[in-house]
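Below, chain A partners chain B and then partners chain C, in two separate complexes.
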Partner chain A sequence: MNPTGNDGRALPRAGRALPWALVTPALGWTLLFFVLPFIAMGLSSLTAHEGGGFTLTNYSQFFTNPSYWQAMVNSLEVTAIVTVVSVLLAYPFAWILAEQVPERWQRLALMLAVLPFWTSYVVRSYSWLLVLAQNGVINRALTGSGLVTEPLQLANTRFATVTGFVHFFVMLLTLTIFANLKQLSPSYRKAAADLGAGPVRTFLHVVLPLTLPGIMVGAFLTFVLCIGDYITPQILGGNNELLMPQLVMMQIGRRGDFPLASALSIILMAVVTIAYLACARWLKIERA
Partner chain B sequence: MRQFVRVASWVYALAVYGFIFLPVVVLVLFSLQSTSFPIPPFTGPSLRWYEAVLSDVRLTSALVNSLLVAALSSATAVTLGFLSAWGFARFVLPGSGLLRGLITLPLTVSYLIIGMGLLVLFNWAGVPKSLLAAGIGHVVINLPLCFAIIYSQMGDHQINIERAARDLGAPEWKVLLLITVPVMAPAIFAGFFLSMTFSWDEFVISFLLTRFDTTLPVEIWNLLRSGLNPKTNAVGSLVFAVSIVLVVLFELTLLRRKPA
Partner chain C sequence: MSVKSASGNPLSALKVHLHAACAATALLFGAGSLAEAADLNALIWCDHSDPALLQPFEEANNVKVNVKEFEGTGAGLAIVEQSQPGDWDVMVIDSIDVPRGVEKGLFEPLPEDKLPMGDLFPQVKMDGSTVVGGKRYGITEKFGYNTIGYNKTKVDPADMQSLASLTSDKYKGKVAIYDYYLPVIGMAALAIGKKTADLTEADLPALKDELLKMKANAKLVGEVTASQTALATGEVDILVGGGEWVTAGLAKENPALDFSIPKEGAVLWSQSLAMFKDSKNKDMALKFIQYIMSPEGQARLATSSCYWGMPSNTKAALTDDQKKVLRFDEQPGFLARAQSYPAPNADLDKKMQDMWTEMLQAK
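Let's turn to the complex of A and B:
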């Protein structure tokens, strides 16, 4: 089949190459630097680190070595906690911005709420380290006010990792949930009120169910971005417990073991894909 | 009841704002510290750590590298994204949906995995670690974004002006340069600035694909090994400032496109 113009007209013979000339650079780039690396990673994951012959041990190690398995469990736990806490914090916040803040201040309020979103990953995590350090701001405030006598161990814990993540994803989810609430037509609320529902019932039976698909999309985005992030757990969690991205980077950094790192990356991607397929049913509702 | 909701809303919103701004305020405040530890009590204000940053050749050259990689990779991404978006919008191509899906596919994969794949490929092909390698990776993550932004903004309105120009006898290249590019300028700039922001902040791909000459986030990462240090605060505050400028430019260019 030959390409045609978007006006339905057939192209002159000389013009038939043009459409392909336009899209080929982008397609070529994607094939060469995204698809091909992925294939290389797949092949690498099936070769032995020593010797280079075909092997499945890179994958079987994941299931037999308890510390690798534990990294996945840690990753899933942290991601689940982060996703739930972020949604619970962001929803009321987005609701307040959309419903309680006067219309003309809303843009500014929202812009302010997501400003730190644009600090770089590394800097943001470092900033939390400052806040949570042994002699950081929070510990000084706590000991200074006499609430605790000994500084708390806040940095280099799972709590620190979760805090750093929640900080980022509250901003992301506030954006998506806010957009969702604003898209909701006011006539739904009027209809509910006309039928005698109070504000609480209107919220529970009308607003919440209608924004649920948006929440699901935001939560899924949180899951994907959170489970693949290396920086936040590495800077804030320390090496007390490993998450999957840290485990992957460790194979490259310390041992130069690309095959194992590739296999672990592919397993991580498989988990994300499974999560996507499991949620696909709810994620699709949005398009309807 | 209504009064209670109001008060509770205020308290809650202020608490969340506090949580969101706490690390940023601490970062910027202690970048002005005059002593050597970025922890309370505050001893500033002093600009000595900013001076320390600006006289550190490793940091300043990393900053230049970062800007260079961001500008060049974003220009490449936006050019490829624009040409393909126009190709798909202007012509009906066989398998168009599938091909568009392929271009946007990298959006669904984490940076770590994109970086890993390129590392393995370059390692096999004997391509040395370099800023160019990192730049290639940045185009991979930003091309789908530019494509999606520009493609979504190509509507009937623009197709009609193009058709008018073509009916008046303009050859295809003239339509592209004199009609499509100016009409699409806001989307093109928006794609460019958003790409700049992401490339400027990107860590893991640069970390995996560069060695001696590297980008600013990787250099900041190296600074972190020395523990808490007001110099890190200062350079972090500078990075934040640049990001804010890019985001504001992005907002302005996208918002300027108010349909008349």
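Let's turn to the complex of A and C:
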């Protein structure tokens, strides 16, 4: 079937080539920087580290070594906590920005909200380490005020990792939820009020369901970025538990075991894909 | 399950094509990334990137030294494998890993008669790994100890003379562990009375018990920066695996930091320089190695801004203060008590890393 123009007539040869010409850079980019590396990683994951040759050992190791399996459990737990906490903090923040801050101040308020994005990710993580340290700001305030007698162990814990992540992802989620709230026509709320719904009922039965797609998209982005992040748990977690990206990096450092690192990465990617499919399916059901 | 690769294996064939495609792409995009042949391209650890070390050599030889930092031999060798032959001239490598590069056919034998072999501390020549098949492929440029680093105002220095203190309740929660499995496993071996050079798979259960005891006392397990920061900021008072490489560079700001060589001994680390067989600039590469091994180069490398360490050349032009911080005059005694870095074969290495993973995951 020949491609047709808006009037339904077949496009001339030059016109038929145009869509392909337009899409080729994107296809080339995806092929070069996603498909080819992914295939290379897939092949690498099926290769024995010592001696080469086909093997499934790299995958079987993940399922038979409890420490490796535990890394996935840790990653999923941390990611779930971060996603839920970030959504719970970001939603009211975005709502205040969208509904309570005067229109002329919203741009400035948004800029201030994303200000921490302007600093380096690594610097921000180290800053949190100093804040949460035994001699850090929080412990000094707690011991100084007499609330605790001994400094609390805040740094180098899962709590520290989650804090570092939440600080970052609340900003990201605020942006996506804010955009969603701004797109919501005020007539929905007016209609709900006309029908006798109070503010709480309007929020629960009108605003929240209509902004759920924005929340889901933001939550999915949070999930993907969080589960694949190496820097935050490495700096703030103190290696008191391993997450999947740390386990992947461990295989590379001294031993250069790229096949095992590839297999672990593909397993991680499979988990992200499952999360995406669940998210997409849920959104589809909601729309239906 | 493992099957040796065969030429008819479609997976291998596809891999070859993919490698070729990737290499072509890398060539296309990276044509201008590496310097001209007249420059010197060095794969290095962070201590070699200090301008105070490189500039004198560059000015004296009218050459630009292009450096690329890496961490871990595996990562370094992967960079070489992804490069074109001749891209790199010299490499810094763990002395125990020199044979890995030789096995891959990467290194050029070094001319011993043109290097100050006679001036090196005899114990750090590491001929067992730097000499392969009667030829020298690496020369030790810097060394030190993975031992106990501590804050002497917070702990009893007498306690730091025994590795048993690392697992005692007295210092629970005051300890950090350096996140590199080989030296810390070496320290665990010393703690249970094993020689690091004789470790076998049969020793792993006892080593694991010792590591778990250390972990139970530790607040964190951190890489170089994290563990150094933890000790410097007072988050912990003891660093398992620390040594002069942590404390010496911080001596001016924090003179309370020190290290001990406990009665059970310490693990000797050493880094070597090697020249690539395919280097297009072998004369300049040799000059660079000669410069690094010279008394002046050794002093600059030993006191590099990234981390300090002992120069392997006994004639290093260090000041008295620098020698004091590095405890230069105590080296004969330290070296006599130090044991070699564990150098497991590939199978034992993998098992040791898995044991380390298990230790990290332990609650």
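In this text, the second predicted complex is superposed on the first by the 249 of 288 C-alpha atoms of A that agree within 3 Å, B and C clash if a C-alpha of one lies under 4 Å from a C-alpha of the other, contacts with A are read in each partner's own complex, and residues count from 1 in each chain.
Criterion: a contact is a pair of C-beta atoms (placed from the backbone, for glycine too) under 8 Å apart; a residue touches a chain by one contact, two chains touch by 3 or more.
Just so we're clear, the structure is a prediction, and the values are computed from it rather than from any experiment.
Residue by residue along chain A, chain B and chain C are tallied for touches, and B comes out ahead. After overlaying the two complexes on the shared chain, residue contacts for A:263 are found with neither chain B nor chain C. Legend: residue contacts after superposition of the two complexes on their common chain; A:36 is shown touching both chain B and chain C. With both structures placed on the common chain, the touch criterion links A:254 to chain C but leaves chain B unconnected. Of the two partner chains, chain C is the only one that A:53 touches; chain B does not reach it.
After overlaying the two complexes on the shared chain, residue contacts for A:65 are found with chain C alone; chain B is out of touch. With both structures placed on the common chain, the touch criterion links A:154 to neither chain B nor chain C. Within the superposed three-chain model, A:93 lies in touch with chain B and out of touch with chain C [touch as defined at top].
Touch criterion met: A:22 reaches chain B, while chain C stays clear of it. When the two complexes are overlaid on their common chain A, residue A:192 makes contact with neither chain B nor chain C.
Taken together, the two complexes place residues 36, 40, 126, 129-130, 133, 135, 235, 252, 258 of chain A in contact with chain B and also with chain C. The part of chain A that touches chain C in the complex is made up of residues 32, 36, 39-40, 43, 46-48, 50-57, 65-68, 70-71, 74, 126, 129-130, 133-135, 153, 155-156, 234-235, 238-242, 247, 250, 252-258.
Residues 5-6, 9, 12-13, 16-17, 19-24, 26-27, 30, 38-40, 80-81, 83-84, 86-94, 99, 102-103, 105-106, 108-114, 116-121, 123-124, 136-137, 139-140, 143-144, 147, 159, 163, 172, 197, 200-201, 203-204, 208, 217, 220-221, 224, 228, 232-233, 236, 239-240, 243-244, 246-247 of chain B are the ones touching chain A in the complex.
Touching chain A in their complex are the following residues of chain C: 1-5, 9, 11-12, 14-15, 18, 21-22, 25, 71-75, 77-78, 173, 179-182, 219-223, 226, 229-230, 233-235, 346, 349-350, 353-354, 357-358, 360-361, 363. Here chain A touches chain B in the complex through residues 1, 3-8, 11, 15, 18-23, 25-27, 29-31, 33-38, 40-41, 44, 89, 92-93, 96-97, 100-101, 112-113, 115-116, 118-124, 126-131, 133, 135-137, 140, 167, 170-171, 224-225, 227-231, 235, 245, 248-249, 252, 258, 261-262, 265, 268-269, 272, going by the rule given at the top.
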